[in-house]
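Please find one structure pasted underneath; my questions will follow.
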Amino acid sequence: MNGEEEDVTTHHFQPTHYHTTIGWHDAVLHIADGDAVVTTTVDAGGQDANEAQATPGGNPQTGPFYIDGAEPGDTLVVHIDRITPNRPRGYAAQIVSANVVDPEFVRQLPPRKIVYWAVDHERQIVSALDASGPLGKVGLPLAPMLGCFGVGPIGAQAISTATSAEHGGNMDYRGFAAGATAYFPVFAPGALFHLGDGHATQGDGEIVGTGVEISCEVQFTVGLRKGQKIRWPRGENDDYIFTVGNARPLDQALQHATTEMIRWLGEEYAFDIASASSLLGQCVEYDVGNVFDPAYTMVCKVPKRLLSHVG
Amino acid sequence: MNGEEEDVTTHHFQPTHYHTTIGWHDAVLHIADGDAVVTTTVDAGGQDANEAQATPGGNPQTGPFYIDGAEPGDTLVVHIDRITPNRPRGYAAQIVSANVVDPEFVRQLPPRKIVYWAVDHERQIVSALDASGPLGKVGLPLAPMLGCFGVGPIGAQAISTATSAEHGGNMDYRGFAAGATAYFPVFAPGALFHLGDGHATQGDGEIVGTGVEISCEVQFTVGLRKGQKIRWPRGENDDYIFTVGNARPLDQALQHATTEMIRWLGEEYAFDIASASSLLGQCVEYDVGNVFDPAYTMVCKVPKRLLSHVG
Amino acid sequence: MNGEEEDVTTHHFQPTHYHTTIGWHDAVLHIADGDAVVTTTVDAGGQDANEAQATPGGNPQTGPFYIDGAEPGDTLVVHIDRITPNRPRGYAAQIVSANVVDPEFVRQLPPRKIVYWAVDHERQIVSALDASGPLGKVGLPLAPMLGCFGVGPIGAQAISTATSAEHGGNMDYRGFAAGATAYFPVFAPGALFHLGDGHATQGDGEIVGTGVEISCEVQFTVGLRKGQKIRWPRGENDDYIFTVGNARPLDQALQHATTEMIRWLGEEYAFDIASASSLLGQCVEYDVGNVFDPAYTMVCKVPKRLLSHVG
Amino acid sequence: MNGEEEDVTTHHFQPTHYHTTIGWHDAVLHIADGDAVVTTTVDAGGQDANEAQATPGGNPQTGPFYIDGAEPGDTLVVHIDRITPNRPRGYAAQIVSANVVDPEFVRQLPPRKIVYWAVDHERQIVSALDASGPLGKVGLPLAPMLGCFGVGPIGAQAISTATSAEHGGNMDYRGFAAGATAYFPVFAPGALFHLGDGHATQGDGEIVGTGVEISCEVQFTVGLRKGQKIRWPRGENDDYIFTVGNARPLDQALQHATTEMIRWLGEEYAFDIASASSLLGQCVEYDVGNVFDPAYTMVCKVPKRLLSHVG
């Protein structure tokens, strides 16, 4: 689970086709627990590093990767080692989605259109191209993330990459960045890990329906926790452990994420439900993932520093 | 609007009765634009600095304060100068509210009960009293905030302090801490500012139905923006400007807050709807306020550093 | 509870002022358990039988009526004896509210405007005035109902007649028609019954934001169930017993109404929770009340014929 | 489209395997526009007419049937000629689902369990077996319906039969009974029609998570409307035309269904958006379908008698 260890096997995989569902598709590569993969993802519209149309749009996924030994009831560990946008510009929708503003305000929204954003890799800045007015003066930090990734869903479903569920999917959570580790419940033999939909940056919620959509080179390292059964995606980074709920309304996504965190605190940190409740009541933090898709995403976080003396 | 200016009039007000609705009640004090007030609030259960029952519970409010010259259509500015818990312990509910976990998981929740938390004013630490197990090892930073405050509601309503709406109310947003400025739409002559429900600390969402509930000494300074009409509470601190939406589900609270932010970016920073959308799409941040009451609270934030060259 | 009984006292009350909140306002008349009242209501816009502006708009309420002996913890019974629109036309908004269509579809909605509907009292038909095209060929049955009525809310609140809660309010349920009996939880001394917002007809949900708004003559008869504590409005008519939940989203309104029905089946029909569940699972019917206001309304019904052999 | 016409081809199909996703599975039979099919469905738990376990549970589907000539962008017409439960008892869950009652009330719910209901085919009555108390005195009318049916989803998804979307699925709408016609948008070549999950009867919402689950013999007749593009399932019976929205919360399902009805009134009855709005505002009726699954179902209805002079 550490890309710098000497004996990690690193696969280099160049995709030749993509999927716009996350499903029990034929694996493109078999990899082992502990292996790293360096691969590429096209942007949400299906364009590659040369802005050539590699595949039809719709968050096309690279993969799936078959993790040897992964079985239903296990947990797949995916450490995001690196996400590197591999071209100088991305695109974004310009107008907020109608579902994130007051219904009557929708009448005032301009028509949706696509605009381009420059990615200055040297200065690590993302800025709107051809923007007049105040937007032209804004530079955002480059903050690459994976919008859509996950594993083969329960019951051999094939679920559109335009939404999310227990298997992951289009969660559009900016916390899924380099350095983060994601945990997925395994439903399919081999887990069948898919990834795609890189963003150079993105606000919470992906409220215009896109981040700065861009093709990327991605390196990740997989691990396997045999027999550890989780219900919803989990993750961690240097500062937090977190759980992810995907559903509508946000209230239900929050319920899923909070319940999963209570389970986690019990399983690994010895909190019973009462003490986990007490802790969360006074320290929990929530982040908003995607609020554009059929399923919304809410993330429930606990600061690691608070857990450093326990568990 | 600055408590340290030489010529600020500072009122010291000691409440003798409290309200559990925010309404068009008789004012307890008339104050002027620019005045500061030092006063006290009882805890959510109605207990004071001595843990004596000063009034029945239910987020009792100090006030209302009548701001001379405030009229419907204006904006009331409330700078929170200081929130000082004035006793050594607070109380909290122990168990997460049934509405923040998966419905079927509610069957596993222990009965709700009240527990106490010690407030170490010297070390600025809040910790659970009589906590065995891992919770006993956790110390949280003292982070005082106002859970419930606001102005006389539209249409001469009297709205329970157990909920929130356009007038503010029980928003339980941890961003309403010392150093923050809150903006409220004025609906009643004199604005009729109420405040109460101090917390020594609180997680996002107030998911156990309480923060660490405690009585406080509070200093605030008021201002008036004549003729500036806003729809929802707004605020700012050193790092962010933010807007607040209060409604259920969270999706609707998010709609209110996002729409209000688009209006704000237009009014004060010269963003048209298209460019405000583009900006928010790639930089907005959301915080979750109360998710326990009939109305939930969502906060929409924009980092000030991104706006430093505009507006 | 029967307006035709010989010894019923019937009060004739002509309102001179109205309220746009339902609150603990001064009573306009004291009446006794069993009394009937004949009174009038202005339309939602405040116009009377002559289309004269009697009071500002916003679902102005006639009352409140003080029911002698009513105390918190009792149930107020209101039998709707008669609702008679007292003029030849009503008005309605023309365009569906933005919150009842898909958010992106709002862009296609024409501007809202007010249109008039003729009420043919003889033929008992309501039809759109000045309607060209297919709408001009549609005649709807006259079906008068009360859109907004209820009792003084808990905690001495004054709640806008633009919304609803446990006390009733703007539920816009077409089942509140002549012949129906409504039950309200009593929170205020004297119950403080308000009524208004008559409609000549209305579709489910009041999805244009209005029914056919019209002034009415109304007769109702009150009763009192001392010590019967209910949580949400209930009702019955010839065919059904029903409970009413008011909240957003509709899911939560449905939860309130369903829970209240389970309680009712237990209290009066000897169903334990398991058997009430079994029954409801296979026979419950839901009606949609208001889906325009801050709080939506869902009605949970059980056919009386199924209960005829039990209880 | 009429099973009694002389020249209808009637296929008799006996399934040998079943699907628990609705997807782009291999067709079991090719049929033509106008053909009828007589087939059987197992119950939701996978048991057949002999209560033998024919296949694993989870709303197993018979089919899919490939309708020759059906292409994406067409509408598939399915007339439900007959649904005949083919055994003397069905099963149901006993306890209301936790998501349909107030969250805190869940603590009072007994554990879920399965109970049996007798189907008296002669008297056309369904009644709880082994029911003591008042439930034992209740007989419900036999009212067979299809809980889960639909067509291959957009984008070659395979969607669990535990939920619903634009393609239909587990809508649990009691209006899908014999005599009703359902309309589905075609996404897959051949439409790929699946059906299953028969109920002897069911209350609105399927609030215990089941109807009276039973195996059935079903006859349906298919039709094709080339080039008629609809977005959501539609239907009609003797009294109503109706549209179906599947989503959470119910508010969103209602938005989908209402929007689809406005489109329908425009396409086939010459109502522009304004007049369709006016009509719906004063006559629409809503029915609640499934409120148990990840996606809920709301049905928007217009009485046919109101449309008899138009369109």
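The first chain written gets the first letter, and so on, giving A, B, C and D; residue counts start at 1 in each chain.
Here is the rule we go by: a residue touches a chain if its C-beta (ideal position, glycine included) is under 8 Å from a C-beta of that chain, and two chains touch if they have at least 3 such contacts.
No experiment lies behind these values; they were computed from the predicted model shown.
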Interface residue identity across copies subunit B, subunit C - same or different by half: same
Quick one: point me to the chain whose Cα centre is farthest from that of subunit A. C
Inter-chain centre distance, subunit A versus subunit B - centres from mean C-alpha coordinates, in Å: 32
At what distance in angstrom does the C-alpha mean of subunit C lie from that of subunit B? 35
Taking each chain's centre as its mean C-alpha position, how far apart are subunit B and subunit D in Å? 47
Going by the touch rule set out above, which residues of subunit C reach two or more other chains? 99, 103, 109, 248-249
Can you tell me, using the touch rule above, whether these chains form a line, ring, star, complete graph or other shape? complete
Where on subunit B does subunit A make contact in their complex? 92-96, 99-103, 105, 108-110, 115, 117, 126, 128, 131, 133-135, 137-138, 140, 201-212, 248-251, 254-256, 258-259, 262, 269-275, 277-288, 291, 296, 306-307, 309-311
Going by the contact rule set out above, which residues of subunit B touch subunit C in the complex? 20-21, 23, 58, 154-160, 165, 247-249, 252, 294
Subunit D-touching residues of subunit B, taken from the complex the two chains share: 97-99, 102-104, 106-107, 109, 249
